[in-house]
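Next, two complexes with subunit A in common: one pairs it with subunit B, the other with subunit C.
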Partner chain A sequence: MAKHETPLLDQLETGPWPSFVTDLKREAESRAKNEKGIEYQIPQDVCEDLLGVLELSFKHGRTHWKHGGIVGVFGYGGGVIGRYCDQPEQFPGVAHFHTMRINQPGGKFYTTEYLKDLCDLWEFRGSGITNMHGSTGDIIFLGTTTPQLEEIFYELTHKYNQDLGGSGSNLRTPSDCIGSARCEYSCYDTQAICYTLTQEYQDELHRPAFPYKFKFKFDGCPNCCVASIARADISFIGTWRDDIRIDQEAVKAYVGQELKPNGGSHTGRDWGPFDIQKEVVDLCPTKCMKYENDKLAINNKECTRCMHCINVMPRALRIGNDRGCSLLVGAKAPILDGAQMGSLLVPFIKVEEPYDEIKEVIEAIWDWWMEEGKNRERLGELIKRQGFQKLLEMTNIKPVAQHVQEPRTNPYIFWKEDEVEGGFERDINEFRKYHQR
Partner chain B sequence: MEYEEAKTKVVEELTKKQKTKSKFYFNDLSKILEMKPREAKKIVNKLVEEGVLEYWSSGSTSMYGLKGTGKQAGAEHEG
Partner chain C sequence: MAFVSSGYNPDKPMENRITDIGPKHYEAFYPPVIKKNKGKWLYHEIIEPGVLVHKAESGDECYSVRVGGARLMSVSHIREICEIADKHCDGYLRFTTRNNIEFMVDSKDKVEPLKQDLLSRKQQGGCYKFPVGGTGAGVTNIIHTQGWIHCHTPATDASGPVKATMDVLFDDFTNMRLPAQLRVSLACCLNMCGAVHCSDIAILGYHRKPPMLDHEYLDKMCEIPLAIAACPTAAIKPAKVELPNGETVKSVAVNNDRCMFCGNCYTMCPSMPLADTEGDGIVIMAGGKVSNRISAPKFSKVVVAFLPNEAPRWPSTTSCIKNIVEAYAKGANKYERLGEWAERIGWERFFEKCELEFTHHLIDDFRDPAYNTWRQTSQFKF
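Our next item is the complex of A and B:
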C-alpha cells in the first residue's frame, strides 16, 4: 500500500511511453524492502514522499518546491542545487531534496563497475533517484539532505576519483560527443580537449564569478550529436578544410544496392531501391553535387558540411583529411523564451594540444563578457547588445566573409572612421564639383 | 589593494547595504573593489575561503553574501 494516494500520477502511467512515475514507485518499493540491508542515510520513504508532493502539486496547480540556498560543499560554489519542500510536515522525506551534479566522464563512457559504485553510493546517502544525463550532460543525483553533501563529496573525490560538475554562474560541466573513440566522422579528439579544458578551467567551473552560466560543448562533426550549436556559449564543431574523400567504387556499390544506405537505418519499411539522385544529390542544400556516368562529383568549395551525403553513404564518402573545428558563439536555449543559435566566430582552427590558440579565444571572450556582461546576461545577449563587431574586436579576429550570413542582408560589420581614408567628413564643395545636386 | 584593506572595504560596503539587500552579484563586488573581474575574483575567493563571504546559488545564478546574513540562513531552519 502506497504511503500517499496518487490518482493523478497513476494516470500518467497509462501512456504508451516508459513512465518516470513507474520508476519512482519501483525505487520506493525497493527501498521499502531493502533486500541488500542498506543503512539508508536519508529517509527510507523519500520516493513515496516525492510522489506525494508531486501529486499535491498537480492538485494545486502550483509547485511546492523552494529552490536555491547556501548549501554546497566546502570551497565549491557550484555542483549542488539546494531544494526544499514547503510542506515538510506532510512530506518529511523530501523536506530537504538537494540535487548534486556529477561531472560525467568524457563522451559519457563509463564502466558498469563505475556506474554501480555511483549508484550504491547514492542509494546509501541519497534517494537513489538519478537523471542520466541532465541537459548539461552531468550525471544528476536527485534528492539528499544537507548533512550528506560533504560525505558524498568526500567519497566521490577520494574513492571514485570523481568531481562535481558546474552549476550557478559558473563554467558548466563541459560536455562532448563520443568523438574519435568510436566515430569515424569525428574531425578532432573531442574527449581530449573536453578533458584538458575541464582541468584547465577548474577555477571557473567551481568558483562562480561569471555574470551567468557559460557552456562549452564539443561536437566532433557537424552532425552535432551534443547539439552544441543550439545551446553552448562556445560550441566547437568539427570540420575539415580540404575535400570530402570519395570512393567511387563504393558509390557504385550503393547505387547497385550492394551497400545499405544510412548504414542500414530506416530499413523497417520498403522504400524502394536507393536513388542516389533523389536521396543524395537533390537534397544537397548547396546543390554542389552531381552524379553522371556512374561518377559522383562534389564541388567542395560550395559544401557547407551539412553531412547528409556522408551520413547516407558513409562507406563511399568520408570527411576530409585536413581537420579541425569551427568555433561558434552565443547559442542559448532557455526553457521559456529567447532561444538563439550560435554565430560563427572562427571558421577553422586546428585542434591540437596544448590548444593554446583556442584558449586565447576563450579567455578573450571571458574577459569581455565578465567586464561588460550584465547580471544574468548570456554571451549571446551581450553579442546582440554590443554587436558582433565588438566581439571581433575583443577577440582580435578580423572580419571574414563567413561572418556574414548573406551579402547585404546582415551587414553588422561596419567600417570605422579611422579605417577609411580621409575619414567620414567630406569637403562638400569639392564633391559638388563632380556631382550636381 | 592589500587583501586586508579589500576585506574591510567589502565588509563595510555589504554591511551598509544590509538593510535592503543580503545577497550580491559578483559584479557588485568587483565594483566595490574597483578591480577588473579577474583580479577581484582572487580576493573574493579568499574571502569565501576564510568564511567572511558565502555563496548562495539558485541553481542557475550564484550570488555572494556575508556569512550568516539574510533570511535563508537559519530563519527557515534550512541550513
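Our next item is the complex of A and C:
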C-alpha cells in the first residue's frame, strides 16, 4: 500500500519509454521490504515521500523545494547542494534532501563492480535515487540528510578512492566525449587531458575562489558530441591542420553502393542510391572538393574541417595526422544577458602531455577573470564587457583573421596612445598659431 | 534506524582526511577491447537502429548496443543494468553524453542475445526498461534538468514532460527515417543547466509573472543589494514598506513592466518567488545545433512563446513537437538539420509548414542582438 496516492504520476507508468515513476516506486518498495536487512541511515520511506511531493507539484504546477542552505563537507565549498522541502510535515522523509555530485570517470565508462559499490553506499546512506548523469557530467546522488554528508564523503574517499565534483563559483567537473577510446574521429585523447586537468586543478574545483562557475569541456572533433561550444567557458575542440586521408578504393565502394553512407545512419528510409556529387561534393561548405574520373580530390588548404564528408564516408576519409585542438572561450546559457557561443581564441594547439602550453592559456584567462570579473560574471560576459582585444592582450595571443567572422563594420577603434605617432599630448597654443579660435 | 559511523570522527574532521583525489582513472573502466584498440579505430557503422560496430586496425570489433535511460534512476535499476553487463559484457558498460547506456561486446554473435535480453525487460505498466535505439538519423534521448523532482527555481517539470515527449517520439528513437539526427533537450528554467539553447528542439520552462514580495521577511532572508544587482533589466529598487501591523521594513519594489521573468532575483533572494500555476509553462525553441557540420553551430529560436503546464502528460507540448518533427521529416533534404531546413525554406515558411502561429512575442526586443534578427532585405516569401 503506497503511503501517498499518486493519481497524476500513475499516468506516466504506461507508454514505451522507461517510466521514472515506476522506477521510483520500485525503489520505494525495495526499501519498504528491506530484504537485505539494511540499517537505512535516512528515512526508509524517503522514496514514498519523494513521490508524494512530486505528485503535489504535478497538482499545483509548482515546485515544493526551497533554496539550498549552506551545507557541505569540511574544507570543500562545492560538491554538495543543499535542498529542503517546503512541506516537511507532510513529507518528513524528504525534509532534508541534499544532492551530492560525484566526479564521473572519463568517457563515462564503468565496471559493474564500481557501480554496485556506489549503489550499496547510496542505498545505505541516501535515497537510492540518482541521476546518471547530471547536466555537467557528474554522477548525482539525489537526496540525503546533513549528518550523512561527511559519512558519505569519508566512505567515498577511504573505501572507493573517489572524490566529489564541483558546484558553486568554482571549476565545475570537467567532462569529455568518448574520444579516441572508441571513436575514429577523435583528434586527441579527450579522457587523458580531462583527467589530467581535473587532477591539476583540484583546488579550483573544490574551493570556490572564482567570480562564478567555470567549465572545461573536451570534444574530440568538430561534431561536438559533448556540446562544448555551447556551454564551456573553455571549449577544447579537436581538429587537424594537414590533409584528410583518402582511401580512393573505399570512395569507389561508396559510389558503387557497396558501403552504406554516413555509417548506415539513414537506413530507416529509402533515400535512393548514394550520389557523391549531391551528398558530399555539393554540400561541402567551402566547395573544396571534386569527384572526377572515379577520384575524389580535396583542396585541403581551403577545407574548414566541418566533418561532413568524413561523416558521410568514414571508411574512405579519415582525419589528418597533424592533430590538436582549437580553443574557444566564453560559451554560456542565456542567463542573464543572452546566450553566447564559444569564440575562437587559439586556432590550433597540440594536445600533448604535460599540456603546459594549454595550462598557460587557462591560467592567463583565470588571472584576468579573477582580477576583473564581477560577482556572477561568466568569462563570456567579461569578454563582451572589456572586449576581445583585452582577452588577446591578457593571454598574449596575436590577433589573426581567424579570430573573427568578419571585421568590424564601424571605425570606432579604441586606439591606444602608443599606437598613434606622437602620442595624445599636444600643445593647444601651438595648434592655435595656425587655427584661429 | 541506528546511526552507523563510516569511521569519520566529527571531533577531529582532519584526522585521516583524504581530499582532492579527483575521479577514478578512466583506464580502470575500459573494457579490454577498448583498452587494446584505443586511438586505433578505423571506422564505425550503425548496423541497425541502436547497434553500432567499431572496427579497429587490429581487426578487432566492438559492438555497442545503445539503450535509452530515464536519467533519474534508482539503485535497483542501476543494479539491473549491472546484472545485464555482468551477463553479457564481462562487467563493463558506459553512459553517453545524452543519458543513454551502452552495452559493449566484442563479437557479433553476442549482440542478438544481449538485445533480446534488453528488450524482454519491461516495467509493470508495459514500458521498456531498456529501449534499444537512439542512433543515426533519428531522435536520441532527451537531455534534461531536475524540474519538480529536486530544483527550487523550475517553471516546469523535467522528468514528466520528457517521459511524455519520448513516448510520442518513440518511433523515431527506434528508427532512422529522419533527414539527420534530431536533438531534443529540456531545461526547466532559463538557468539552463541543460544548455538546451543549441538543440534542434528545446523545451524550456519559463515564468510569466513577476516575483511576489515577501516584505515581512525579505530584509531578514536576503541581501537587498544583491537582489537589486541580480536584475538584468534594473527593474528592482530598494523600498521602505509599511506592513499591516504598522511596522516599516526595508524591502524592494519591482517595476513589473521591466521584468522579463528570468528569476535571477529569486536565485539571490528566496523572498521573491515567481512560481505560479497559470504563469509558468513551456517555451518551444527550434533550429539550434552544436555540431560544426556543414553550417556553424546555431542557437535555437523561440517558435512558441508559451504552452501551459499540463501535468501529467503535457499534450499541447508533445503535439507541437510531433508536428515540427513530422514537418521536418517531410520537408528537409538528406543531411539537413532542422535549423538548416528552416533557414533554407525561410522562417516564414517554417511557421506555415509546422502549423505554428506567429505572434509578436517571437520578435526579439531584448537589447542589441534584437535588431540583427529583424528582416533587413526586400527578399521574403509570401
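Criterion: the second predicted complex is superposed on the first by the 399 of 437 C-alpha atoms of A that agree within 3 Å, B and C clash if a C-alpha of one lies under 4 Å from a C-alpha of the other, contacts with A are read in each partner's own complex, and residues count from 1 in each chain.
The rule we apply is simple: contacts are C-beta pairs under 8 Å (C-beta built on N, C-alpha and C of every residue); 3 or more make two chains touch, one makes a residue touch a chain.
What you see is a predicted model, and the numbers here were worked out from it, not measured in a lab.
By the touch criterion defined above, A:68 reaches both subunit B and subunit C. When the shared chain is aligned, subunit B and subunit C each come close enough to touch A:99.
By the touch criterion defined above, A:392 lies against neither subunit B nor subunit C after alignment on the C-alpha atoms of chain A.
More residues of subunit A are touched by C (comparison of subunit B with subunit C).
In the superposed pair of complexes, A:210 makes contact with subunit B only, with no contact to subunit C. Of the two partner chains placed by superposition, only subunit C is touched by A:222; subunit B is not. In the superposed pair of complexes, A:367 makes contact with subunit B only, with no contact to subunit C. Of the two partner chains, neither subunit B nor subunit C is touched by A:2.
Shared-chain residue A:170: touches subunit B; no touch with subunit C. Touch criterion met: A:57 reaches subunit C, while subunit B stays clear of it. Residues 67-68, 75, 99, 203, 375-376 of subunit A contact both subunit B in one complex and subunit C in the other. Partner subunit A is touched in their complex by these residues of subunit B: 25-27, 36-38, 40-41, 44-45, 48-49, 54-62, 65, 72-73, 76, 78-79. On the subunit A side of its complex with subunit B, the touching residues are 67-70, 72, 75, 77-78, 80-82, 84, 96, 99, 146, 167-170, 203, 207-213, 367, 370-371, 374-376.
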